[in-house]
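Which chain is which? They are A, B, C and D, in the order written, and residues in each are numbered from 1.
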Amino acid sequence: MRHAVVKHPFEWDRNLFTLLKARRRQQRATVEKKWRCAGNAEDLEQLDTFHRAIRPYLCLAQVFGMMPLTNVLSRSPHLVKFQLRSCGTCFSLIFLLLGGLKTMRLATKLFQGGLNAKSMISVVLFTSGIVICVNFISLARGWSRLIVPWTGIDIIMLFPPYETMKYSLRRKLLITGCSMGCLTLLEHWLYYASSYSNFRIQIVHCQPNITQIPFKGYMMKEFADIFEMVPYNSIFIFYAFFLNGTFTFICNFMDTFIILISVGLSQRFQQMANRVLNAVKRYVPDAEWHEIRMHHILLCELMDLVEVNMSNIVLISCLSNIYFICNKLLTIFTKLHYPINYAYFWYSLLYLLGRTCAVFMCASKIHEASLLPLRALSTVPSNCWTEEVQRFNHQLGSQYIGLSGLGLFHLTRRSFFGMITTLVYYEFMLLQLDAKSNKDDLANSCV
Amino acid sequence: MRHAVVKHPFEWDRNLFTLLKARRRQQRATVEKKWRCAGNAEDLEQLDTFHRAIRPYLCLAQVFGMMPLTNVLSRSPHLVKFQLRSCGTCFSLIFLLLGGLKTMRLATKLFQGGLNAKSMISVVLFTSGIVICVNFISLARGWSRLIVPWTGIDIIMLFPPYETMKYSLRRKLLITGCSMGCLTLLEHWLYYASSYSNFRIQIVHCQPNITQIPFKGYMMKEFADIFEMVPYNSIFIFYAFFLNGTFTFICNFMDTFIILISVGLSQRFQQMANRVLNAVKRYVPDAEWHEIRMHHILLCELMDLVEVNMSNIVLISCLSNIYFICNKLLTIFTKLHYPINYAYFWYSLLYLLGRTCAVFMCASKIHEASLLPLRALSTVPSNCWTEEVQRFNHQLGSQYIGLSGLGLFHLTRRSFFGMITTLVYYEFMLLQLDAKSNKDDLANSCV
Amino acid sequence: MRHAVVKHPFEWDRNLFTLLKARRRQQRATVEKKWRCAGNAEDLEQLDTFHRAIRPYLCLAQVFGMMPLTNVLSRSPHLVKFQLRSCGTCFSLIFLLLGGLKTMRLATKLFQGGLNAKSMISVVLFTSGIVICVNFISLARGWSRLIVPWTGIDIIMLFPPYETMKYSLRRKLLITGCSMGCLTLLEHWLYYASSYSNFRIQIVHCQPNITQIPFKGYMMKEFADIFEMVPYNSIFIFYAFFLNGTFTFICNFMDTFIILISVGLSQRFQQMANRVLNAVKRYVPDAEWHEIRMHHILLCELMDLVEVNMSNIVLISCLSNIYFICNKLLTIFTKLHYPINYAYFWYSLLYLLGRTCAVFMCASKIHEASLLPLRALSTVPSNCWTEEVQRFNHQLGSQYIGLSGLGLFHLTRRSFFGMITTLVYYEFMLLQLDAKSNKDDLANSCV
Amino acid sequence: MRHAVVKHPFEWDRNLFTLLKARRRQQRATVEKKWRCAGNAEDLEQLDTFHRAIRPYLCLAQVFGMMPLTNVLSRSPHLVKFQLRSCGTCFSLIFLLLGGLKTMRLATKLFQGGLNAKSMISVVLFTSGIVICVNFISLARGWSRLIVPWTGIDIIMLFPPYETMKYSLRRKLLITGCSMGCLTLLEHWLYYASSYSNFRIQIVHCQPNITQIPFKGYMMKEFADIFEMVPYNSIFIFYAFFLNGTFTFICNFMDTFIILISVGLSQRFQQMANRVLNAVKRYVPDAEWHEIRMHHILLCELMDLVEVNMSNIVLISCLSNIYFICNKLLTIFTKLHYPINYAYFWYSLLYLLGRTCAVFMCASKIHEASLLPLRALSTVPSNCWTEEVQRFNHQLGSQYIGLSGLGLFHLTRRSFFGMITTLVYYEFMLLQLDAKSNKDDLANSCV
């Protein structure tokens, strides 16, 4: 029951001066600290800003040539900038060049040798890798325009009256990123294991007198496109593994990045909701409601900024995920030879589905957190129901807040359900066609 | 016409004191009774609470190891709690163990003998049974956090000014539950009848000299997975029947439970709508509108609580229903041998469709009932149109109230229509493929 | 420009007394006339009420046993009632009996002779005919509860300040009904022409020495199910034609009835919108806005009443239309023999599509007309923007107004587009399967 | 931060008189200029009106008989009218006649020679061309009712306080139109190149002793329907090319026209949003908010006018685009002979997709621009939050603003995504059927 939350006015008046004094003193201290933070990178480092939490990932992305930023490890977000003449940009260009070469080589082979599933998927993988890379470079160009206001909001929301969350942003992002990384590495290792196992079986079958399986042979087959051009030595083996690994990493990094951004944003909306929840329980002057509303507008503007910079990446992420899932679903009825093949196939399918699901769930959390204050506001007592509160109430419900794929679809639970429904329906159709096809084959073979 | 609903103010003033006195006396009596109820389980038993109405079903669920609660028959909802070291939990664990064993055995057979429709459906049935069971145990853990606030709202809404409904909640739930139970039993009996009939025919065809159909043989075939491991005796026959019956019961119980919860919630929203309907016809002070609005918020919070605890069960229910319906639809063109087979097939298909329809219809009633006060509020006369009423009006339309499947879809008539449309479309496609397949078969057989 | 619509207050005040006097006199006259109308059927007859306009259709429906009402031609809507012991009910029962007999006979033949398209569609036609009939009888039972409030609203809205529409309701309904009737008759005639043509060709091919095509033979074939039971004479020929005609009529009548109801409702919403449009151009006292709002609530309540009574009929109408369209689409690639066959096939397909389209378009007009005052209200000048207007504005946008199919879908242009999209997609799939099938046939025939 | 946007009232008061004087003088000047513009076509020509920008396209459309308007080059929009007895109407009629003749001839050939993809698509192209033409003539009839109010709004929005956009409307429309035109010409040229290349190959294969490819032969084959009726001479060659070119042009013009209209409308909504954005930063009297709101209503009414006149054209555009895309997708697996064929096929498919995408994107810009002021309004300071602003805020979110296809669907990014999803899904199904078909063919060929 919320009937008696507003204290008796007289009781409240008694301690008015003392209370107001204390509050003013506190506010002044907070404002001072905020100003110090904004100017001083040392103090900023103490705070659980998004900049501090995302930094390791930016660093990692730079190694793979995805986000060519200077001073990426700097404590001040102002210094993290895109510079055309920098080591990172150089790295990115070399990377795009090598990727482009490999893609062209694969494409040439595809057109020469005719379309088949395996070469097709490689071309798509490498092409989408380059597209993603270019989009991330474009994101890097606008990164400082994004992270500076974000840090501004972080500085506001990391001091009272905003409560700190149970787990720090840094910890959340670390756990999310590491678990995603481990799962990716396992998937990549399983791919090689499955592929090597296939190669070994083939050798044993074809040349039964060979006792030792040559590693070089496997390399020659797996990276045929490379070793047809360059001599076989350890540098190029490393190069081949590196290039393959990097492009697998890019796709995974893209999804991880969307998840990290979503976690960062939803944490802030969650904090906003908590503050509103606390506010409705006590008497809140109009000025504070105004402040809350202004902070909410700031958050919405940050959301818009993220949306403008990220919506193309979100679209590419969803499209590539759906393509790879469909591709896996197409071969779901193919008989495989060995348990390791099954393990790889099912693990990678489930991992893909899980990753897509995680992207949608984390992104939809933003929208859900943004709607949380709505219920709380309805319990604001009548004498506090001022125009400010009314405007805040109206503002909360008026526009959609959340990530979208270039405005074509919103990342919500409902759109995820729609996507999954379509995929399942498609799979059922395939199943049916396959069953009929098998029956036809039987009929034909009987003839 | 609603023009003259507000009496002339003078006429109203005349009996003011008398009226107010009587009302105050009445209110005091009600509040006292409410307090007595909240403290005293005897008085609570007199009321038509949801706790009293759902009790028999909780009891039944406990027998099948689904809701391990202590004091399930207690009159006070405070005493119904989940305890780790209790008879119920023990029961649940044994149950999960036996179910798990059977599932693993069926899964092993499935992998050994190759995929076929009959064994596949058994594995899905038993797996989903275990998943449902685990979810219900998790619901049981949060049951006391759910039923205590619910009873609190029940105590509020079972006294004037809320009207009692025509039929008591207990009676509604009893009729709903019993009819669902009977239909389930009939379906289960038809399954055995159809299966036994098939067995008899097979025996008659293969061994024409046998005059008496051996019951043991049927048992051996029907419960092959059990009697391959244990000797054939009456205890294990009972065990086999019990396990099969229980897992069939679980699926049905899940749907019935969602329906019961929906009936309970929609009754309260209906009462709320009735009170608003009565309120708009007479002069209502602002304080009463405030009370109505606060009660509505309480109801919405209860709805949220139910949603948090039940949405996973709703999702599983819908998915399993759709799977079983699709499975039936796949074999709709298969020629069956005897009328009993047809009777079982069509009865079970219609029963499945009817059950799914009932779940959606009952759940959508909550949403529909929650919107009922909206129209009534528009007839509130202008002099009574205070800020409280305005806020109530706004509050009613601002958020979706109703059950959902983990937020992926809402249980409304429209989503039900969408689901049915997809199923019908799928069936039409199957029909078309089947017709073509038959034509091809004819063509092939002519060759 | 709408800047100068409010006259200068002084200018307005000058003629105040004269104006108010005249208006009061006029209002009193209108109210008197309204009261006279409500009591006197003679005066009511002069008005363009919906009752007067729908009367001929009710009469027609009674002849075919669909709406067993007494005093259907009466001028007073109070007298049009459902009576269990009346000629109409008797008619309906006989009708249902005959229809039921024919349906059972057709169903028996279907099960005996195996499923084929032609007998299947007859069974569906007759079954749906009976279902429609039962639903219309249930509508007839509630007809007086529907038409009396409707006439009440008609009486209000047929006097100033409501403007009369350009075309009277009676004329609109007459034109709509007659054109629908003619198209139906043409379709029915084409059916017999096509069927008789087929019969003649068959005779000519099989028995080339016969010079005269026997009419009796055609009757025997067309109405095989009847003339196997009863002797061939003119009474039973009439009976056969009558029964066939009636059931074709029922489906068409259902759609026509929905269209007529929609036209009637949308006319009233249109009048409401016109009044609001006129109101925003001049100074309107708050009391008048209150009156407008109350009339709007009355209209919405009438809409709810229609929705409760008609939504099952709307659902059946849509389902049967979709079934018959799909059925036609399935045979779209079948080679037909003669131009008359093509004429019948394409005419009946286009007629079906057109009828379905008309139902959706007319029904969606209600919703569109109900939203019309929204734009007008935004031009209400600030000094007239009272709470009443605000509430009216809010009320207009808060709930969906329009017909629905049991709440499963709304009859809007968008849902019509969704339906058509699904049908076209389905047809494309069929086309593709058919093309492939033809190719396979060619391949097989080459073998 | 927006905390300090409202100046201190005293500071503001000091310059009040001077400021108000200057503003009044400026306003008077603007109003005078506006009045002069409305009356004087010379002054109007100086302004960047939509009429001036669309004029060249109307002129072009008139040449191809699509928009029979008189005085199409006139500077005053009042003079651009549809006249029954004019050169343009005559032109249109001749054009429709010739088109109708060709269509009937193609249709006759289609029915005689049996349905095949190539002749089918020609018939659809010419039929849709005629339908589009008729719809454009109907648009021309209502053009003056559309362009006069549009110019009225243009005159309002081309003076301060509205800011001019970076690029003038004329320039935008010129660039859009020219680029669309060039792409269309390239597509048309590629069509002839591909078709001629096919013809040459065929000649070379069939008659290897011919050294020179006869142009006449190609003409005879390409325009068989024309040269079967008329003798082969340069006039009829021109006529054949002209007719073909025109009907290709019509489809493209329709899409271009929708894009141009959308650009024009979204520019105005963008200006409105800019004005609101500027208004929230300073103190704005209520009268100015009223003016803004009235201008917004004017814009919405213009939008409605455009919607009424254009929605049928939008529907036809979308339907024909989808048909041609589907048609291309159907033949995506067909093996083509020469690079030029591939170039034409892929260029025309991508061009079609791009054009459809452009139509949806440009049209959705209107809706997006209309929602822009919503966020800005939430930052209006509390002391300026008057009823006018509140009504404006409510007005912005209450109704959908944008183009639709006869109300059946809205041109938004989401509906575009839905359309593309369906197409991709359909293509995947085709792919699957094709793969299976190939397998069957292999199986059959092995037999």
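FYI, contacts are C-beta pairs under 8 Å (C-beta built on N, C-alpha and C of every residue); 3 or more make two chains touch, one makes a residue touch a chain.
Just so it is clear, the structure is predicted and the values come from calculations on it, not from any experiment.
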| item | value |
| --- | --- |
| Co-neighbours of subunit D and subunit B - touch as defined | A, C |
| Interface numbering overlap (same over half, different under half) for subunit B and subunit C | different |
| Copy-to-copy rotation for subunit A and subunit D - C-alpha atoms, rounded to a multiple of 5° | 90 |
| Furthest chain, CA centroid comparison against subunit A | C |
| Whole-Å gap between the CA centroids of subunit A and subunit B | 37 |
| Interchain centroid distance [CA atoms averaged], subunit A/subunit C, Å | 52 |
| For subunit B, residues contacting two or more additional chains | 429, 433, 440, 444, 447 |
| Which chain pairs touch, all of them | A-B, A-D, B-C, C-D |
| In the complex with subunit A, residue positions of subunit B that touch it | 286, 290, 293-294, 297, 300-301, 304, 326, 387-388, 391, 394-395, 398-399, 406-409, 422, 426, 429-430, 433, 437, 440-441, 444, 447 |
| Residues of subunit D defined as touching subunit A within the complex | 1-3, 364, 368, 371, 374-375, 378-379, 382, 385, 393, 397, 413-414, 416-417, 421, 425, 428-429, 432-433, 436, 439-440, 443-444, 447 |
